[in-house]
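In the two complexes that follow, chain A is the common piece, with chain B as its partner first and chain C second.
Now for the complex of A and B:
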């Protein structure tokens, strides 16, 4: 009986796991493209807004061997799921590519292991979402050893300058948000919504600023500057000193406004407990979050709001997905939406930028990833801010399978095979042109 | 109260069922080596077929060996501790902290020779600290390891700080080639010899089988445990050196969670973490190679990353199920 029970459970587990590993029609489509490289049309599932399959004309460059691209993820999240859907189901069939997704690679050793395994599996390029600038050059060299291209999710900082200026032929550079613009979204919102006459106290989650994360540095700097501007205060230490502290620190200032900077990786053990403890002091009514951690923090905040009868305003960085949707649609004890403002990005657009770099290089156009002075470039995009559940619903509905923001039109505009002579600068201009207003206009047309 | 066990009726060969035959095969001395090796061979064959021969290339085999080296070295090291019936999951953190000291010594002097010496010495020192806590204060080794993990991790975080400590990557690449193979083979060979051909290994296995009995036959278990931790320390220190040479830097997260990887490799390699007479020193390395083979193989076959973890878990469970010793009665340690 026991053995039968165990066998049944094991069977159930196997079936469950098989069901999880969804293999959609697109895989078959990719195979068919691989076999017949001269084919010029292919059926792409869900190409239209209503999800129907349509025949499309492939660009001539798709008549090549199947390019295999490894996607190196550091954590599995809503964003990575969107990325998988976009690359595997949308990009792969049209551009005759195959994508190989990694498990979560959290340290350099596992990153190197994945790259080595990807090389053995026949990958031509790696799109790397592991961003420790000090390791960029080393990873470029590792990929060079295996004859693969390397493109990273990040930008130029002193620690990785050598990679960008080293003339590595296999390095496609980086792609990332325009960090100053992202930071300014926070500053503009705070300055526009806060009244200097009201006294508030602030808990600023500085995340991995102390690790040199440029995006979080920009966001936190802008938050600190906004507070200083609103209250006309001066900090005792420099903003950089305060936000790059690896331990929690009080930002002492001449106006005695309570400002507390809380660093750390949201995934680290004990991080959330430490933040909860700070919130439970009841001092803070503004929670300003630089890392992508709105989903982690929601419960801790609502507990404090209920227990201490204190309304806490949350402003943070997020990505489209269940966590952010829940945060915007949940009303706190005081009837306000849990999150007041969040920055978001269109994952398909960011993915398309990364893909365009790889594809341009693989199709023999390395000039498309170079700046005017011959160094490897960083392709940037602008984040958008969301302030209501309705706006979030509208925007998140723009970037879903079947109606991606970065559709074939957008991607094609980034590829040199479609427009010989296309430069990195022009690609950048086209990427910046994809924003809230332009997408809204496109969708309403 | 004296309990007299009923004598089991002796079965004739014709009366033996499949279960009995499996038990007989499993009780053979060579089983612990042959079974995991056969499973490994089976996996390799399977992946060779599924990849149309791509899996059986020099690059892939070299890659598997290289990727298995760090966990394999540590698993070889801890087999000395596991044999005595003690468990230490802090080895990953010990390795990490040793590598941190090695990297710091490089930053201070720029000498790779010093890096190797410091890392090795730190490995030995920290493992001996764990040992001393267990022997002097009579704290269970698992408890010591849990506390040690936090302490070593905290030291690592403080010493490393926000930016990884860099060691010249080019220098590491130069040394990585032959040095790591020679160092590993030297260590592994010495361990094999000491463990299986000298009194050191015999005593450790005896203690793992029954510490009380071993004491009564004149074996000083405290002394033997010190020996076990000493060899483990050398191995963990060596793993720290290999880690430094592979990545060229140490970050705050170095070694975190590796203690569990080592334990998994040991069990997959066919050794019981409860130690005893059937323990061996090679199981950990075979296990580490098996894990790497599975990871690489699945990726090359094209199994989706979401599925890999599940499939790997099922195979692990299956291998452990087939390979593990299950007591017919209440659990007791294996005797000679």
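Now for the complex of A and C:
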């Protein structure tokens, strides 16, 4: 018996260890602390629409020493997996770069440790997805000590303004979603689909607004503004007061429309029960969600719909993945799509923006990351809205290995080595030009 | 005859004590929620489903913790075993199209295997259980990340998983858990040995009990139970996303309250499993009631953990209360005796 156990367990350990060391496009590779992808070859795996490997002619831009770029992740999700595939298999061979992916660095200590490790490993730049503005300047200075460039996923807020205006030569600025535009997607959808003559009540999931999450603040603000615009109502408190409350709060207004702001992290213990309890009051028929929680609430909402025999419309922020696909493909008790509208982004485009900043600086063109007044800029992209399962299926099929939205044409257009004199403003315009319509047109051509 | 009556009276008293805690918890929360927000703690079928689903996961998790903890082993990898069992079992069930019942079965099998692995390493390596638990937590958490592109398991929108939200199925699983665990730990040969080890490991070993195989079985049972809990946790949220950095331990600590309270209630009825069932009902009644009040999550958790702390203070000092009570009785007797003697002029 004991021998059998030993054999079984040894087998399990061997399988586990070999799986850990496997270098496929699987996300498992993200787990290793300092996984490095060497790319001296110009063979691009899965670069055709059929996913076949092809040899490519390196552009003149890549005639330089291999640049090594550290990718600092704060959480490992489907998005980080896409990012690994894009950087490692698509970008690295063509632009003569190596990428070193971190494990999930959830706090400042682990972020600093990774940066030190990256410096020891010879990294030239860090693309940082740790978005705590108060730490930006500290991290820029740390990278400066090690002679590395620093580019962050984020924008300018009072807490990191000094870093953007401090004239740090190693700071390439930030990249992020155009948050007001993301919020406006919600506002536009609500204004376009709701009739002021119909009476509705709203449960707004404000998520991390009270923690200062910019994206969720913009989305929630726009939702509140949209409701105010549709019904011509005025809130007793300011929108900012309502959405930054850390406790659930009723948004009292002069038109007596029921609006309830429900904050909290969707992963927190008791959060879902609280949301379900609020829905069970039977007052609310619109659930508007600022955090990415569509995958967490579908079942609870569906049970409340069945219990109260009440149709609840869900509109929320989302990303490409099984959760969103399932939500769009699931019908509720009333035969409606579970989620009416969600937002998505093309990860390859966001990654290309970050890469262009690093590459432009590494190839000696720091002016490409500066605004007209000489400060470090923030490159932005616009999210897209999705309203049907068909549209989601079409869009999610666009940004996959072999068919990246930000293909070589797009990336090349962001690099100064290919177009001397290219400015940050022009790069921004080109990024904004990559939208649903333009991608659809390119795909149909 | 008087003895029989006394015994019957004692049994009734024990039953009443056993059910008193959940009844009191429900009454308090019912009064508070009706007074403050004008609604009952449980008001419709959605509440019933939420209550039962959370209850079964609490029962399973608390039983799993107590399985090892009662023998002096604190297994900190239980949360990670839950993730591993649920994510691996759930994804296999999704691929095979086995639905909710299949997911439960597969998750328990894989959870049991994770427990078996941990137990086997423990008895062979003799590392401190907590230290081994931490190491195994990190391994299992990473394994969970390796599968399904870090998506964990997403059952929302998949067909065949509705059974996990069916009240009859949930109640059946709850009673099955209680009955099987009662048989295992109270009536089976394994249970007798388990309790002998629980009493004194050295004496049990000297008496010829294989304490190592018993320990491995405990880990295996613990793994199966946490995986069962994980399936119902996933059924409510619709998905279970893997975590890193020992975050899975949150579930272990969250279920310590019902486990400890369950052991205390179990003392009334001489059955730990029923005690844990009653504690699970009480704690979930409290949680559901607090969520009805519309309090922020931090306030809800603060209330629950303050109650946990107060309970721990009481539980740790209940002997002192008995001592003070007995002391007061002795003093009173002495005073009465002195008074009687004084009255007699002695």
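Heads up, the rule we're going with is that the second predicted complex is superposed on the first by the 410 of 445 C-alpha atoms of A that agree within 3 Å, B and C clash if a C-alpha of one lies under 4 Å from a C-alpha of the other, contacts with A are read in each partner's own complex, and residues count from 1 in each chain.
The rule is simple: a residue touches a chain if its C-beta (ideal position, glycine included) is under 8 Å from a C-beta of that chain, and two chains touch if they have at least 3 such contacts.
Here the structure is a predicted model, which means the values were calculated and not measured.
Judged by the touch definition given at the top, the superposed model places A:155 against neither chain B nor chain C. By the touch criterion stated above, A:323 is placed in contact with chain C alone, chain B being left untouched.
Contact with neither chain B nor chain C is seen for A:183 once the two complexes are overlaid on the shared chain. Legend: residue contacts after superposition of the two complexes on their common chain; A:173 is shown touching neither chain B nor chain C. Looking at the shared chain after the overlay, A:106 reaches both chain B and chain C. The wider contact with chain A, measured as residues touched, comes from C rather than the other of chain B and chain C.
Using the contact criterion defined above for the overlaid structures, shared-chain residue A:93 touches neither chain B nor chain C, since it reaches no partner. With both structures placed on the common chain, the touch criterion links A:134 to chain B but leaves chain C unconnected.
In the superposition on chain A, A:295 makes contact with chain C only, while chain B stays out of contact range. Shared-chain residue A:121: touches chain B; no touch with chain C.
Of the residues of chain A, those at positions 20, 103, 106, 246 touch chain B in one of the two structures and chain C in the other.
Touching chain B in their complex are the following residues of chain A: 10, 13-14, 17-18, 20-21, 23, 100-103, 106-109, 112-113, 116-118, 120-122, 132, 134-135, 137-138, 141, 159, 210-212, 244, 246. If you check the complex, the residues on chain B that touch chain A are 54, 57, 59-60, 63, 66-67, 70, 161-164, 166, 169, 243, 246-249, 251, 253-254, 256, 295-296, 299-300, 302-311, 314. The touching residues of chain A, counted against chain C in their complex, run 5, 9, 12, 16, 19-20, 26-28, 30-31, 76-78, 80-81, 103-104, 106, 246-248, 263-265, 267-274, 276-278, 280-281, 295-300, 303-304, 306-308, 321-323, 326-327, 329-330, 338. Contacts from chain C toward chain A in the complex involve residues 39, 43-47, 49-50, 54, 113, 116-117, 120, 139, 142-143, 145-146, 149-151, 154, 156-158, 165, 235-239, 241, 244-245, 250, 254, 287-288, 290-292, 294-301.
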